[in-house]
Amino acid sequence: MSSTGVRRISLGRAIPLILVGVAVLVTAAILLNRRVAQAAPDQPIAFNHRTHADAGIQCLFCHPNAMRSDVAGIPSVQRCVGCHQTIASSSARIKTVLSYWERSEPIPWAPVTQMADFVFFSHQPHLSAGVNCETCHGVVGKMSVVRPVVTMDMGWCLDCHLKQPEPKVARLTDCLACHK
Amino acid sequence: MSDQPEPSGGKPTPPESLEPSEQVRGRLLLDQRTDREIDEAVLRPMFETGPRFWILVGILGAIVAWGIYAWIYQIYWGMGVAGINRPVYWGLYIATFVFWVGISHAGTMISAVLRLLKADWRRPITRGAEAMTSFALMMAGLYPLIHLGRVWKFYWMIPYPNNRFMWPNFQSPLMWDMVAIFTYLIGSTLYLYLALIPDMAMARDHTDGWRYKLYRGMALGWRGTQGEWHKLHRALSIFSVVIIPVFLSVHSIVSWDFAVTIQPRWHSTIFAPYFVIGAVYSGLAALAAILVIVRRTMRLQEFLRSEHFDALGKLVMVAGMGWIYFWFSGFIVEWYGNDPVIRELIHEEISGGLAPFFWLQMTANVLPVLFLAFRRIRTNPAFLLALALLINVGMYTERALIVFGNLERNYLPFNWGTYRPTWVEVSVIAMTFAGFILLYTLFSRIVPYVPVWEIKEGRLRYSLRRIGRLLVPTAAEIE
Amino acid sequence: MEKAVKPSAKTQKNASERRWGMVIDLDRCTGCQACVVACHAENNVPVVGEREAASGRTMHWIRIERYWEGEYPNVKARFMPVLCQQCTQAPCEPVCPVFATYHTAEGLNAQIYNRCIGTRFCGSACPYKVRVFNWFRPEFPEPLGEQLNPDVSERSRGIIEKCSFCIQRLRRAELDASASGNPLADGAVQPACVQSCPSSALIFGDMNDPESHVSRLALSHRAFRLLDFLGTDPAVIYLKGGETNV
Amino acid sequence: MTHTVSRRSFLKIAAGTGVAAGLNPTVRRVALEPFVRPPEEELPGKATWYASTCRQCPAGCGIIVRVINGRARKIEGNPGHPLNRGKLCARGQAGLQVLYNPDRLQNAVRQTGGRGSRHFEPLQWDEVLDQLASSLRGVGGGSEVAFLGGLMPTHLYPLVTRFLEALGSPAPVLFDLHSAMEGRTQSHDLTQRWFGSMELPIYDIGHAEVIFSFGANFLETWLSPVSQSYDYGTMRQGQSGGRGFLVQFEPRLSGTGASADQWVPVQPGTQGLIALGLGRIIVEENLGRVGSHREHAQLYRDVNVGAVADASGLPVERLQKLARIFADADRSVALPGGGLSSHTNASQSMDAVMALNVIMRRLGRVGGVFLPQQVPADAFSAPISPSPFRDLGKLVQNMRSGRVGVLMIYGANPVYELPRWSGFIDALTNVPLVVSFCPFIDETAVQADYVLPDHTYLEGWGYQVCSPGADRPVVSSQQPAVRPLYDTRSTAEVLLSLASRLGGALAQALPWPDEPTYLEEASAQLFGSSIGVIDARTEAGFWSQWRQVGGWWSAKPIMQEPELAGLTEGPLQVPSASFAGKPDQFPYYLMPYESIALSDGRGASQPWLQETPDPMTTASWNTWVELNPETAAHLGVTDNDIVRVVSPQGALEAPVVVYPGIRPDVIAIPTGQGHQDYGRFAAARGANVMDLISPVPEQEVSLLAWGATRVRVEAVHKVMTLARLESLDGEGRETVR
C-alpha cells in the first residue's frame, strides 16, 4: 500500500505548487496589461514635447480649446507650419511636416489618452477648477515621447472627485456627471 | 428488558403463533439481513451500469449539449431570440427558476424536518431527497445567469471590493435571491455530504480501483469510532435545525422578487407562505416520483417499502391541502376586492387567453390531493408516480401563470402584451431538466443511494416484545 | 478612502435647489409624433424593424397613446404622450441589483447604460412600462452612424434604456451656465421633444422655482398625474384637454 | 476595442485575470481628426449650428443643423424663423436620414442593359454632361425637352424655366402626389377666382374662435403643418379670450379630426354642399351680428337646405345648429381643405367654403382669411403653383407621340405616384432620353437612362419662398451644413454647366458661373429693402447674414386684406360628385389619405419615419385597410386579417385595422408604401394605394380625382401581424374601467 502513500504526499505538495503557478500567471497578466495600456502609441512623426516645452511654448498654444471646450484639440498643420516654415526647416522631420502642408493633408496623429464611448469628459470645467495638465497627462514637458502616465479609469477619477470640497462632492460623484 | 435480536448470523425463529402485520413483516424481513448483506444490497446497483444506463446518459448528455448551444446562441445574438417582449419582460426562464427552487425544498423537508420529528420512515429516502435539493438548486442557480441581458457582467452582482466604489444594491430582491440560494445550496450540499461520510467509509472498504481512491478521499479517513459517530450526530442535528430557516427564507425571497413590485396580482402579502407551501408540495411530489423510478430501476424494493410511500403520500396530501388553502385565500381576497385591473387579470386568467393553463393548473393540483387520501393509491407505485408527475405539471403551470400571466396586463391597457416561448427558451429549459436527471443518475451510480448507516441505526431501534399473547414491535430511544 | 454616497430615493436631503419637471397640455397635443422622432434623433434610439416592432419590441422612449371613446358616429379619439415620469418614489430604483438606476439630486431617475446587466426587473416593476430593452445589438447601417449624437452613449444589446429628460442637454446647459457665470433661465434648456413640439404641448422647467412656467401651469385646475394613486409621485404633470385654461 | 481594464493598487489581483471580453457597448471613438487649415467658426468638441431650410415638404420651415466634427448630428427648428418659430414636425426631424441614408447614389450613373435592368454604371460628371449637352443640341425642330418637377425649391424654378425657354421647349410641368392630395393647385385657382391673386391664402387659425375645417387635415400634412400646428396650440390654450372650437367635416376621422371638438362624418364629396347649406341658413335666418350680408345673398339663391340635408345625410337641425355656431362666433373661419380636391366637384366645393368666409366678412379680419404680403423683389415674387393634372395629361400625350426628345425629372416619382391609367410608364418607352435627378434609385430612376443625383438638402444651396407664407413675407435660405458626402452635384449646377457647354442663347439665359453666385445675386435684390430684419451695410455683409439668420423676412408682421375681385355675382351650386365603378359591383368609397410619417411615399426611405407609429392606428412599417367595426363584422374580418381591395383599375391586399372613426360605406388606405425600389427600408413593403385609383368615366382628364374611386373588399382568409404600438386586447382604453 506504500505506493498509495507516496502518491498522497505528492498530491499534497501539488496543490500549493498550482497556487503559486496561478499567482505568477495573474501578476504577469497584470504587468503585461499595464504595459499595453501605458505604451506610447507610434506616431506618424516623432514629435518631441520636451524640445518644444524647453523652447518656452505653453500647452495652450498648441492645444487652445482646453479652456473653452470638451476637447483640448490637436494642433492643425497650419499651427506647426506657422513656426516651422522658418525655424529648423532643414531637419528631416520638419520636412515631413511641410510635405503634409503641401499635400494639405492632416497629420494622422495617434491619440494618446482616450475615453471610452460612454464617458463624458470636458476639459473646460476641470481647467476652470484649477486642475493643471500635469495632473492627468504627467509632466509632458519632460517627455520626449508622450505616453499615458496614468491609466484613467473610474477609480482614478473618483478618487480625485471625492477629495473636492464638501458641497461639490455630491454633484461630482453623481453617476451622470461622467456617464452619458 | 427489551430482548435484543442477535446482532448477526443465523435466522431468528419468528414467534410461532402471531401473524405480524404486513408492515411489521417487511421490517422483520430486513431484520433477517445481516449487515454485510445490507451493504451488498446497497452497493450492487451502483455497479450495474448496463447498456440502458449508458443510453440514458447519452441522451441526457445530448439534450444538455443542445441546451448549451441554445444558450450560447442567445448570448451571441441577444435576448431577442427568446420570446419575451415589452411588457412581458420575464418569461419561462423565471417560471422554471421558481419551479426548480420549489423542487429543492423537498430535500430539507425530509431530512431536516422529519429528522427533528423523529419520523423513522424518512431513513431510506433522506439521501435521495437531499441530492434532489442540491441538484435542483444547481439548476435553479443557472437561471439568474441565463435570463441576464449581459451575462458577461454578472460579476457586478457579487460584492467584491473594487476601486470604483460600486457595490451591489442590497435593496434589490435579486440580491437577496443570490445570497439565499447560495446559502441554501452550500447548506444542503454540506448536509448531504455529512450524512454521506459513513457510507463512503463502508463503500471504501468494499471496492477497489478508481472507486476505492474516490471513496477513500470522500470518507476523510472515517473509521467509525464512537467519537466520530458522536460528532456526526451532533453535526447532523445542528444542521437540521439551522437549515430550516434557510429553507423557509429561500422561497419567501423568491416570492418577494414579485411581491415587492406594484404590478397588479404580484403585489400581495400572501406570496411568501403561498410560494413556500407550493414549493414543499411540488418538491415532495417530485421526490415521490423519483423514489418510485429509482426503486424500480435500482431494485431497492427491499429498502423503499410501501410504508415509506404511504407516509410520503400522506405528507404530499397534507402539503397539497396547504397549497389549496393558501391559493384560495390569495385568490378570494383579490377576486372579492374587485379592483378593475385585478378583475381584468383574473378574467383573462379564468376565461380569457390563459384559461386552458389555469384549469390545467387547478385540476393537476387539486385532483391528486383527493386521490392520495386512499392508502391503496398511495402505496401503488405506478399510481403514485402518475399523481406526482401531474402535481409537478400543475405547479409548473402555476408558476408560469404567476410570472408571465400577470405581466401581460397592467394599469395602462395601451401597453398590454402577449408572450410565446421560442425554441431557444424550450431548449435551455430542456437542458436544465436533462441536466438534473443526468446528475441524479450519475449520483446514484457513484454514491450508495440508500443511507446504509441510517437503516442499520433504524434497525437497532426496533425489536419484538411479547405482551401477554400479543407480539408487539417496540421502539427504543437511541438518539 | 471615504465611500461615495449613492443618492437613492430616500436620501433626498442634499437635493440641489432644482427639480426638473415637465407639463404636458393634452389640449394642445395633436399626436403628430414630432416628439417621437426628435427623441430618436437626439438620443441615438435604435430602429428595430418590422418583425421586432410586430412582436412589441419597439424602443420609443416617448410614445403617443391614442384612446377611443364612444361608438361611431359620435366617437372621440384622444392622445396622451407617455414618457418616463421621473418618479420621486420610483418603483424601478430599489429593485435594480447593480445600481444601474437611481434618483439624482435634481429629481431625475437616472439610467446608467454601461452599468446595466439586463435583469429587466425595473422594466417589470415600472407601472408606466416606459423602460425599453435592447433585444439585439442596435445597428446603424453605414453611414447612418454619422448622425449619432456624441453626447449620448451608443448602447449595446442586453441593456434597459429610457427617457432621461435629455440629460446631455441639461448637463451641457449647466456646464455652460457655470462657465459663463449667469444662472440658467427658465426655459433656456429643453429636452429635444419639448423643443420640437409644434403646438407647444410639452413644457419643461424647474418645479422648485415658483416663477417657472411649469410651476405655474402645474397649479391649473386641469392638472392631473398619470396613475397618481400608486404614490410614485411623478415629475410629469398632465393638463386635461377639452377645457379652457382661463 | 480592447477595453484596457487595469485597476489601481492592491485591488489589481482581484481584477487582474478578469480582462473583460470586448463585448461591452460598441465603442464609437469620438473621432477627432485634426484640421489642415481650421475653419474659424469651428471649435472642436463644441457644436456649430448652420441655418437652412427643410425640404421634406413644400412648406419650407427654417431649420438649424447641429454639426460636430463636420458631421450633421441634429436638426431643430430655427427659433427666429417666422413660419415655424423654432418648431419642427416628425418629417423635419428625420432629415438627417436623407443625408446619411445608406442607399443614396454615390455618383452619376448610367443605366446599362436597358431601362428597368437596374444595372447602373458610374460615370464621371464631365463625361455625362458632355453626352447630355450633345443630345440636347440634337433637340429642336420636331422633338423638345420636357421637364417634370415635383417638390421644386423656389431658386431652381426660374433657372429651369429660363433653360427650357432658351431651348425653345415648353415650361416645366410641376406635379407630384403630395401637392395633388393637399389640393395645392385648386387652392391657387380658388384665390385666383375670388381675389385675383396667385398667392395661397393664409388662414389665421391662431386667433380664430370657431374653425370649420372641410377636409383640411391642417395638423398633419396640409400646406404648412408646423405653422398651422403652432397656431392650433395658440387657438386652444394661447388665447386670453378662451378656447377655440374646431369642427371637422370629413368621411374619416383624421389626426386633425381627433383634435377637433366635433367630427361630422360627411358623405364623400358632399362637404361643398354642406357649406352651401350652412351659408343658406345663415343668410335666410340672418344669423350672426354681421348686419348687411345681403349683398352676397344671391350666392345662395337656388340652394335648398332640405336637398342638402338628404344628399349629405345630416339632419336639418344639425345643419342649423352648426350654422348658428359658425355665425354667432366673433372670429370664425372656414378652411377649404385638400380633401375637397379629391372629388370631381373640387372647385365648386372650394368656392362654397370660401363663400362662407365672404358672407361672414372674415376677409382681412383677425382670425379670418388674409393674403400674404409679397416679398419686395422680383426674384422671389412669382409664386410657383403646381400645374393642373391637365398639363400632365398633355405631357404624356407629347411623350407618347414622340415629340419629347429629352425628359428630365426632378423632385417627383411619377412612376410610383401616378395611377396606372395615366399612361406615363408606357409613354416613357418612346422618349429617347430620360434623365432623373433623384439622389436615390427610386421607381422613376429605374426607368431613366441617366441618374444625376442631386445633393440632399443639407448639402446644397438655395432658397424657398414660404407658400403659404407666415404672417409676413418670408424667404428661407438654404446653405450646406456639411460638405457633400459623395460625388453628387446640385441640379442647378448641372443646368448652369450644361448652359455654359451649349453656349449661345442658353449661356445668356444662365450667365452665372455657379450656384452660389446666382443665389448671391438674387438675394442682393433684397439688400436695399428697409422692412427687412437684416440690416447690413454691404452686399457681402447682407449675403453672410442672409445665410447666418436663415433667410430674409420683414421685421413686423404685414399681411394683405384680400379684396373680392372675382366670383361674387352668380349663384353657387355644387354638383354631386361622380365616382368610378358601379355601386353594385363596388359598394365602398375608397379614401386614400397621406400618412403623417411617409407623406406621399417620400419618407419611406427613412427608417425613423417607417417606425414612427401612425397617430390614429399606431401601425407602422406597412400598409393597412381601415374598416368601420360594422363593415368589418359584415365582411367577417377583424384586426390583422388580410383583405383584397378591388377597384375598376386594380387590386391590392393588406391587413385590416378595425377603425371606429370612419363611415361604414368608406374604407381608408394610407399612401406611402408599396415601393419596388427607393432603398432597403422602402422596397417590397406594403402596397401602393395609387394602383387602385380609377379615372372617373365622364370626367375629361383635367383633374386627378384621387378620392373618387369605389372599391370592393373581399376577405382572403390569411392573417398577418401588423406592427402596432397599441395592444389590441387593450381595445383603445386609457385605464381599465
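Per-chain residue numbering starts at 1, and chain names A, B, C and D are given in the order in which the chains are listed.
Convention: contacts are C-beta pairs under 8 Å (C-beta built on N, C-alpha and C of every residue); 3 or more make two chains touch, one makes a residue touch a chain.
As the structure is a prediction and not an experimental result, all values here were calculated from the model.
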So if I look at the partners of subunit B and the partners of subunit C, which chains show up in both lists? A, D
Using the touch rule from the top, point out the two chains with the most contacting C-beta pairs. C-D
Taking the mean of each chain's Cα atoms, which chain ends up nearest the overall Cα mean? C
Taking CA centroids for every chain, report which one is farthest away from subunit A. B
Please tell me the distance, in whole Å, between the geometric centres of subunit A and subunit D computed from their C-alpha atoms. 52
If you average the CA atoms of subunit C and of subunit D, how many Å lie between those two points? 31
Distance between the CA centroids of subunit A and subunit B (whole Å) is 55
Distance-wise, how many Å sit between the C-alpha centres of subunit A and subunit C, to the nearest whole number? 36
Give me the residues of subunit A that touch two or more other chains. 116-118, 122, 153, 155, 158-159
Shared-contact residues (touching 2 or more other chains) in subunit C: 1, 4, 55-56, 65-67, 113-115, 137, 153-154, 156, 159
For subunit D, residues that touch 2 or more chains besides their own: 7-8, 23-26, 28, 30, 725-727, 731-734
Viewed as a graph of touching chains, is the assembly arranged as a line, ring, star, complete set, or other? complete
Listed in rising order, the residues of subunit A that touch subunit D in the complex are 25-27, 29-30, 33-34, 36-37, 65, 68-71, 73-78, 100-101, 104-107, 109, 111, 114, 116-118, 122, 151, 153, 155-156, 159
Looking at the complex, which residues from subunit D come into contact with subunit C? 23-26, 28, 30, 68-69, 71-77, 84, 86-94, 96-97, 99-102, 219-220, 225-226, 229-230, 232-233, 236-237, 240-243, 253, 255-259, 261, 263, 265, 485, 596-597, 607-613, 615-616, 618, 620-622, 628-630, 660-664, 680, 685, 721-727, 731-734
So in the complex, which bits of subunit C are touching subunit B? 1, 3-4, 6, 8, 52, 55-57, 65-67, 82, 91, 94-99, 115-121, 123-125, 127-129, 132-137, 156-160, 227, 230, 232
In the complex, go through subunit D and note every residue touching subunit B. 7-9, 11, 14-15, 18, 20-21, 23-24, 725-727, 729-737
Given the complex, residues on subunit A that touch subunit B span 4, 153-155, 158
